[in-house]
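Dropping the structures in below, format is structure tokens.
You will see two complexes here that share subunit A, one where it goes with subunit B and one where it goes with subunit C.
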Partner chain A sequence: MNDKAVQIFAETYDRERAVLPGADGWLARRRDAALKSFVEAGLPHRRLEEWKYTDLKQALEKAAFVPAPAHEGAVVLPDMAAASAFAAIDRHVVVFVNGRHRSDLSKAVRLPKGVELHSLTDVLHEQWVKELVERRFDDARQSENVVDLNTALMRDGAALRIRKGVCLDKPLHLLFLAADGGASHTRNLILLEEGAEATIFESHIGVATTFADIVTDIALGDEARLSHVKLQHEGAGAVHLATLRARLAAKSRLSSFALTLGCGVSRTQNFILFAGEGAEAHVNGAYALKAEQHADQFCVIDHAVPGCTSHSLFKGVLDGASVGVFQGKVIVRPHAQKTDGRQMTHALLLSRDAAMNAKPELEIYADDVQCAHGSTIGELSRDAIFFLRSRGIPEVEARQLLVSAFLDEALDLVPHETACEALRLLVAGWFADGEGRA
Partner chain B sequence: MAAVRETVKTVGEVEKYKYGFTTDIESDKAPLGLTEETVRFISAKKSEPGWLLEWRLAAFRRWLTMEEPKWAKVSYPPIDFQDAYYYAAPKQSVKLNSLDEVDPKLLETYKKLGIPLTEQKMLAGVAVDAVFDSVSVVTTFKEKLREVGVIFCPMSEAVRDHPELVQKYLGSVVPTSDNFYATLNSAVFSEGSFVYIPEGVRCPMELSTYFRINEKQTGQFERTLIIAEKGSYVSYLEGCTAPQRDENQLHAAVVELVTLDDAEIKYSTVQNWYPGDEDGKGGIYNFVTKRGDCRGANSKISWTQVETGSAITWKYPSCILRGDNSRGEFYSIAISNGRQQVDSGTKMIHLGRNTSSRIVSKGISAGRSSNTYRGLVSVHRKAENVRNFTQCDSLLIGDRCSAHTVPYIETKNPSAVLEHEATTSKISDDQMFYCRQRGIGEEEAVALIVNGFCRDVLQQLPMEFAVEAQKLVGISLEGSVG
Partner chain C sequence: MDMLEIKNLHVSVDGKEILKGIDLDIRAGEVHAIMGPNGSGKSTLSYVLSGREGYEVTEGSIRFRGRDLAELNVDERAAAGIFLAFQYPIEIPGVTTMTFLKTALNAQRKARGEAELDAVRFLKLVREKAKPLNVPDEMLKRALNVGFSGGEKKRAEILQMALLEPALAVLDETDSGLDIDALKTVAAGVNALRNPERAMLVITHYQRLLDYIVPDAVHVLSGGRIVKTGGKELAHELEKTGYAAYDADAA
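Right after this comes the complex of A and B.
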């Protein structure tokens, strides 16, 4: 237990436990237990199978993150397109700065009846919150251990509950800004009751050296529908660790898409558990990396009941000396017959120094299922570039055309049309920022 | 009712594993357990030179510091390495000159196994080195092979007659420190085959080794080393069986292949160790390290395996593609039934330019078995224009078995083109219906469909083995339907 980072987290906890929200109730005990098990397990390192390609310990030890200070007053948005990516869409906005809710910057008014949107600290006494926070997913222990860190230190987040049959009128945008360096531990809770519907955008923007630790817990009731679009564009020195855990009841549907552009080291974890028959999950993502960036997409889909469908597609472009990682697992439990599971991952290497590691896994205990996975890694086709050049298109442009065509297949799956266009523009900006010089 | 009972009894008596007999032969064993003394005992029994004893002892000392690997998707009670015999040899006092002098009981065993040991098998044109427990019993066709310069002999003989070759290549592909079981093997290996194909020679016949564990409470640790010099070619086959016992026996072999420029080795395995009974009692633990090193340019190593036996199979025949333009292939059929557990696959490590590899793996699980494909394709920074294609298909028969796919794909070079695809499904009702409608019985239909499913791999086997393997596929799946 000599890890510097673990020690700093433990000290932070000792110092702040009295002032962290929920210090007087069930949560205090839960936090104690979570910190204990986190300290016992330590930060994940590459000797753990689920962390084979990403060394969080190393990434954090370089920075040794103490909590980011509370931020007062106006926030100067970094001058980047990502900060205003969803601005054109009519939406509710909830802003967090340095991991703390800022009601003065937020704009979520006239919510439909049956939609309850609060800051996490305001709803800690509610039973559904307790249930979501205490939930554990046991399929991937080594990856879940970092959730304990979040539980122990979580300070704020959004809590959204939508009552039976209610539809959120316009998208809810959760905007996380990192104004100063340091760590922030955020927990978002989303509960959609039977037949409820919502679209949520989540963006993480910053230029500072930060450690963003986010856990988003989702529970979907029967026939509920949730679309979730996440954009991560944090600073080059930042570490991003995001875990999305969703439990899907019968005939519910989750469509999620995550675009990863920023951060020095990022790890995006998805845990999907099917708890009712006939549910559907579409878990997709895209990433474009350059320089020394490292992005890890980790995705576990657990078909615990029969008749569910899961499709996932992750596509990435790697330039500079960047490293891309995809680790996916589709589990089909005994008796989960009629499962349809598909998992695809494709990566393009644009430079000599880029590297890609993929590990798409299938773990199947039922026979009447259709499961497939595929993985490809390669570079741009020289023939295709030649074809375009022979028609007078300059090489740089030809490469961009081909790369964006490659990413488009994934971007097409963004579950909101205008948001899809916004993300496309960001990807186009990524090219303008330097790709193509190889 | 009585008739029904009788039928049940008869059915129960039908021998599913027809190689489950033992041969009653006096044997010469090392003392129970594993200590430095055991290693010295084995070395002394084989009258080995000092350097080999030192090599073994170094491996043994290293082994003591190692931990048993736990990452594979297999489960078994802890193995007591002290409760086994590490050397067992059929007792024989004088050296034998011809087949007639071999213990007739031993020959009887081989006859039951159907190994072409005698002259009549000359038609088959297969040269056999048969390893019985820990020693090689007889090697046929030695003279004929000697004419073209091919050395095909038991490892102990190679140590004696060709020490320079053994010393040069032994442990150069699988070093003594490689992994827990390979290190154990390095310390206590007792026999195995040695093959040397000189420059430019195309080995005139298929070479083959037959492994059999007979003695109870013994482990088998053979070591095979095949060296193909520049421009040579050899096709090598191995087959394995063991008697039916209710204890678990360990088989931890090491196979090393080396190909130099333009050489090719084709290595085929039909593994049918005793798999244990329906309740998972007994059976062989098959923990094997197999690796080929394409050292020279334009060389090729091809692994073909049909895995039907063993309680637990845990092996990854691999290719290190070091030479430019070298090629590695892996074709596998892994069938698990009853409570068998298979965790198998391959590693293709691309180091040289323009290297290519192809992986075709067909896993069939039935009963309550578990069948995992685990494979690595890795491309190093300097390996330009690498090409890999991987296909893993799994077929599930029944709803209590499981099939898993765990591929690792790692590349550090953009010019590599790597493709991986995998599917999992069951036998389609339509296909079954079609067969049944034409009067084909259920089990036969399953065997037929499964054979079709495995066709890509079966085609890679040498002719006479392909026929046997097809039958084996049918036998292995008996009792899996209905």
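Right after this comes the complex of A and C.
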């Protein structure tokens, strides 16, 4: 373990072990084991196939990421547009600042009976929490290592359990604000029991040089339905590492959408495991990058049982010298007949210096399935720009119209109408902020 | 004053001279037709009027309402009142025809210092212009030109023209790809826009279109030059004799 970053994380663990939540129970043992495993493997490096295009090690070693300090009082961020993106929507809000729950800023009242919403630190004794935290996803071995880092150091997060048949009355917004530099290790746990329904917004906003390490563990019971909208808009020096792991029981449905706008380096991982027949996963995303930004979308969908549907569409625009990565894999196990799997990724390069790496993969072991995947990387059509300009639309506006139209196909999939409009406004703001240079 | 005044216009594309000294004056209220064989420079003339990049004016000048066009870029020319109806309209995936029309109209109004139209007034205006062209609401909701038939594309072009109300309309082979019924609809749309303040330049290979859009003058373009100018009867003459007599290489 010669890595500087690994050493810092290990030292942090030694120092904080006694004060991290759950120091006196099962979690302490789990943390010890996770740290050991993380240190042994080290940070993922580019020689690992799953990390070929993203140098997390280098990104983390640029800044020494010790834990962010606790923050008290009001939070002032220069870019409040992203922080208040969902403000017009009637919703429950749970706020975390520097990775710590802030009940004074949160507003989640009169939750329906059967909805249990807590700070993770308050429910560590519960069996379902233990089960979700200890759950491993075998097919993500190379990525499991960063989950170990999270398990060892996780400080807080949201724990939501919705009982059988209960529907969350309005969206739950988990708002993560980074007010100061430093690392925050967040674990969210979401359990929807049979037939339960919820919509969750998750936003990560900040400007400082931060390392946001987030793992969101989801378990959907039979016929449960979860809509998940994630917005990432952190500072140019920030590193964002988010892993969403979801296990879907029979006839359940997950609709997730992630918009990536901020950060120096971000890696957004999705691991979807179909565990019951007739389930559906819609895992979609969009990103708009500029300058030196690097964003990696990683998505593994495991059709371990028959008759499930997974649709993924990731679209991104890259300006400046930004770099985009899409790695997606749909696995169809030998007995997973009648699988419907679709995975598409499209990128638009707005600058000669931008780059895109796309690796869509299908691994099919069953013979009665419908699977498709595709990838395109292109640039704006000069003919289309000329056509629009010939009708009096100035060049910058013409480019914006074409890029918006390109992203709209993905944004249309945001599983909440008003949130969809909110994200569109943020994308429009992205243009106003500098796109349009020829 | 002439609406359009072209003097000794030489235009090169990729270093190759295509137009070799064009002189052409069009007054407000007039409709001029440019006819000529393939490769004579007809489309080059339309593109150079629109300001498309890659079409380099090496000599001569174009003045539009007394203004040197060289000073204006593509979108400024459109806002100033020049409209090009494309031979092959471009597909714009993801942008509905309605959104496109509104963006274009308001961009031009803004460039001219006029107030932008709100959604209600715009919708009323579009419907009023769309009806005589047989452009239904359903078509306005589709992405511009994507999956449009040849006739739909050309009707959409004329709708844009009707909405943008240009001072000078350049119609580049508007008849190509149209059956006779579609041609009549499009021609009627164009004729409805003829008025004393507006000039039109109709570029076509065939005389057929000019039976419906009757020009005040016909020019024959061959080998990058206007080799003959006459009245509307010249179009019929060409239909009988073909362009062989005007072939630049044979001459």
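Descriptive notes on the structure:
The definition used in the following text is that the second predicted complex is superposed on the first by the 435 of 438 C-alpha atoms of A that agree within 3 Å, B and C clash if a C-alpha of one lies under 4 Å from a C-alpha of the other, contacts with A are read in each partner's own complex, and residues count from 1 in each chain.
Going forward, a contact is a pair of C-beta atoms (placed from the backbone, for glycine too) under 8 Å apart; a residue touches a chain by one contact, two chains touch by 3 or more.
Keep in mind that this is a model prediction, so the values were computed, not measured.
In the superposed pair of complexes, A:389 makes contact with subunit C only, with no contact to subunit B.
Looking at the shared chain after the overlay, A:356 reaches subunit B, while subunit C stays out of its contact range.
When the two complexes are overlaid on their common chain A, residue A:405 makes contact with subunit C while staying clear of subunit B.
After overlaying the two complexes on the shared chain, residue contacts for A:212 are found with neither subunit B nor subunit C.
Applying the stated contact rule after C-alpha superposition, one finds that A:379 touches subunit B and leaves subunit C untouched. In the superposition on chain A, A:367 makes contact with subunit B only, not with subunit C.
Of the two partners, subunit B and subunit C, it is B that touches more residues of subunit A. In the superposed model, A:397 lies in contact with subunit C only, and not with subunit B. Interface residues of subunit B, counted against subunit A in their complex, comprise 71, 394, 396-426. Within the complex formed with subunit B, the subunit A residues making contact are 49, 334-335, 337, 349-352, 354-379.
Looking at the complex, you find that subunit C touches subunit A at residues 50-53, 73-75, 77-79, 83-84, 86, 89-95, 99-100, 103-105, 107-108, 111, 143, 160, 164.
Those residues of subunit A lying in contact with subunit C across their complex are 381, 383-384, 386-395, 397-398, 401-402, 404-406, 408-409.
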